[in-house]
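Okay, got some structures for you below.
The same chain A turns up in both complexes below, where it pairs with chain B and then with chain C.
Right, the complex of A and B next:
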């Protein structure tokens, strides 16, 4: 019998994430259609939808990534299911607060809640809405903190501290027998950098709440920006680093070769722990009052952070696939696409991480081009790849299902088209986060909208495939 | 030996009293921890029933919250009752409960309290460095800012002290058995 750690909770989570992904994509489609002048949208509504789209996408990416990592870490050590349900409950409570603040309180200050925007809405939303939005984040943060504490305690105990779980001890002594598996190394790394990010996030969130309620407590704007982007950057990246455990665990079923821990792999992840925390400086390259060394570090880290990713995951994946006679079904295609999307998505980030480029590109659609590659073709593809595998496992033979082939092709084609339009628009200096676009920019957004329709349709089919698989499996039981 | 340590810490807290009226850093970050340490040492080694662990933790956290209130700090400096209560209740309502429950708490709860302590001290650091008015009537604005930076230093210190053991681990606790394979609750 296939081992399925806490599969019920994980399946429910993937269903929730998949549904929210679809809804948020529809929101994104509406935004692009509005920018392309296909539909008319009141700017206030545009910013509310933009806020919900950003927060919802990051949230569901984190939720699905968390579920995937919990499932696979559970193969190596016992995890307390109560903590998972607490995590899920706090997460959903946070989502309720965020949605309430956006659609009832009309909060539209973007998912980044960048100080002082939540407090100076110009009457577009009330202080209460902004406070409730921040409280929603706090609840999600507390849920994740509990999740990481439980997982960290278990793997720390099993691998004799984090130096063991991270594979650092193995790097030194080379004892492969006691080396942790790739999934555990990834989990230990994420626990370290995302717990740090969440603690910083908690500080700046409460500081923002105090400022909202008592405006006399003015937050230092530069300090707040640093804390927010440290938290935000680390949190978004963690979603992918959690979900990549699906690649480490599922791809070997297809290639027949286990994804082994090597010294290079452990060193790569050790670098990830450092780089992920230092790379956020590229979000403040336009803040000229920042110390020069920090900005230089931001550029260097932007260059460097892609190396471990390409070195330890992309290159290894290519090596494992080569000559393996791997069967290509929906799961394997989505997982390989996800690593490709993740890798390709790092290129626009590196370009934008150059100070000279950043000056003119950072506030253009180039940046959404980068992070949509990371998420749409990276994390989301990983999540759906995992979901399909979860409900039906590896296909017995190379899948020839027309619907699935069509779905995958439309998802990949639509996704690449969608992000290429963003990058093209960015290179043409079209600004991001603008509700109303000039007539000259409409054509870009219109093409983007067409590709977005393809992605939304393909995603709807993916959610249906997962739900159908879920129902079939439950009925069989 | 324990009595000596407790006595020495208590005497130090009394000596610190010389400066507490003019320096909130000494008051909050030196004298308070010393008094908590006194209570912690007094009760260390004692055992109580498991059922009291939760309430004791709640008592300790609630007492910390109370003694950290700016209004409480003012009252300590102006009212004799509060002045004496500080020396009695900080050891008894914070140090003693912590000593009785801390080691027996679930590790996840311990980690959660530590993470909360770090983030809340960071928030206090923010409040004390950014407040446009004097939060405590008894202390000057500059002293208040110094206390804020003191909180940030404590955050750094605690982060280091609490993180290092996580990396080192405990060889005796290492599970030697093969990976466990069942947590299914589907």
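Right, the complex of A and C next:
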């Protein structure tokens, strides 16, 4: 290995994000159980927990994705460790502000802080809580921008300019020898679109903060909505596009075949950069004042985004693993599950991106149905697959013991059961983000709760396996 | 409508899951690189062609309708946490145009039929008026539920109107 990636810092990050995933899943379980009338929650508390769950999960996905990408890009080029610690420090400071705003300030305006709700809470929370929530986001965003600047600068230097790192130069001249590895192409692409996303997010956050403090400074609600969904969509997507580097780097250890850059791979990622930024219009399909062509573009881009995913990552993974005789241990199972979950989850997402469907599915539980598929069974599975690999490498003896088999099966089955209930609920017109469900909907939430218990238990074991691995490693040293 | 969407979605999800299971269980290797490339290009071409057809057809028939000049106009205002609808009855089999706006934050007007099935929706946003065009072909009581999170009593924002045959 040419450089030593910051293994210690990354391990710490994975411990933090793994623990937060578990904690936030328990929050999610509480939400689902209360929708099923198993427990009773005051609506204000429900919406606070919902806010914490949404922000915490998206944050934790971003944190783990960021750690994974830093680790693997660090294999190819030196990265400044101070920047990583700054990123992590700012992230944690942001988390403290967000948690304080929600649980002390009683902020319950949801992770999307849709303007002007943070300012007009109907008495549920104060302006200070909303400001602190937004500031927490700003800190996390600044941390990410520093991270991207550092990484972009380094890979640009190493690969002959940023267009070299993106692989775009290679698309044109076809010089395979000089093309960067898949991880670097992925990183360069994410750096472009997520920096753009975060800058838009920062603008609307700052505008919201100013509006909160000086209400006479008005913000246009439609403009704010566009900026927020642009930011939110890009940011959530970036979590997976960062974490997928674990698949590119680890799966070859199992199949013995390196994941190679091809011209199509570089083209696919170039398209991702464009599509990811145009697809957010599918969040505003019910804003009929939007120009019709933008809504049509949202629908077309939703579909188009699926093509590089299926044609490149999913297809290549299938080719690499088919008949490879690879070993199935916890890491390899989780990583393959993650690509399957991502691909499968994109189907209900693309379908909901159709205007005709969106009219009757938008803001029903169909939506949590699709995004939990590619987050819970996608990004989170990538993160745990990577974590287990970090403390263990490709497993030798311990592979496939009963506990691990059981854990994986319960995670996967519980996860699919959980998201299928959401989709079924969405198709039954049950709204999302409703603290109190009508009696005829309780049955859905109750089954969902049972599946969720399985996911929570399996995740608890995953965190234990990782922690035990960490401890074992450290004591061996 | 929703049940067909659900069935198609589940079928496609099962198809992808099936491909993964097949690949994972398969003992035979995937063959030569040339063969994969061919399959890969076929797959991508298929996705592109299917995409063009689906997009054209669904955008042609599924996009939001615009009202004709004799549509019945109904004004709807959302606020924390109430709906104000300026008519209690809505004519059957006539084009109606809901003009939806908000007094405070974003709301979503979700229209539910008497089987409690969502049949259409649009956002209600401060400073803007969204025009939602619908034709009701069944008489009965319709519910309006809020479909955009608007604060602590979001789930209480329910109102209703009656669809009746025009005299």
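Basically, the second predicted complex is superposed on the first by the 471 of 477 C-alpha atoms of A that agree within 3 Å, B and C clash if a C-alpha of one lies under 4 Å from a C-alpha of the other, contacts with A are read in each partner's own complex, and residues count from 1 in each chain.
Rule of thumb we're sticking to: a contact is a pair of C-beta atoms (placed from the backbone, for glycine too) under 8 Å apart; a residue touches a chain by one contact, two chains touch by 3 or more.
Given the structure is predicted, the values throughout are model-derived calculations rather than measurements.
When the two structures are aligned on the shared chain, A:356 is found in touch with chain C, with no touch to chain B.
In the superposition on chain A, contact of A:220 is made with both chain B and chain C. By the touch criterion defined above, A:78 reaches chain B but does not reach chain C. Using the contact criterion defined above for the overlaid structures, shared-chain residue A:110 touches chain C, although it does not reach chain B. Of the two partner chains placed around the shared chain by superposition, chain B is the only one that A:8 touches, whereas chain C remains out of contact. In the superposed model, A:146 lies in contact with chain B only, and not with chain C. Residue by residue along chain A, chain B and chain C are tallied for touches, and C comes out ahead. Residues common to the contacts of chain A with chain B and with chain C across the two structures: 220. For chain B in complex with chain A, the touching residues are 107-108, 111-112, 115, 118-119, 122-123, 126-127, 130-133, 165-171, 173-175, 179-186.
Residues 1-3, 5-6, 8-10, 12-13, 16-17, 19-20, 23-24, 26-30, 36, 40, 43-44, 47-48, 51, 54-55, 58-59, 61-64, 80-81, 104-106, 108, 110, 112, 116-123, 125-132, 145-156 of chain C are the ones that touch chain A when the two sit in their complex. Interface residues of chain A, counted against chain C in their complex, comprise 43-44, 47, 108-110, 114, 116-117, 120-122, 124, 220-222, 225, 264, 284, 286-289, 292, 295-296, 299-300, 303-304, 306-307, 310-311, 315, 318-319, 321-324, 336, 340, 343-344, 347-348, 351, 354-357, 359-364, 420, 423-424, 427-429, 431, 433-437, 440. The touching residues of chain A, counted against chain B in their complex, run 3-9, 11, 74-81, 83, 145-146, 149-150, 152-153, 156-164, 168, 195, 199-200, 202-203, 206-207, 210, 216-220.
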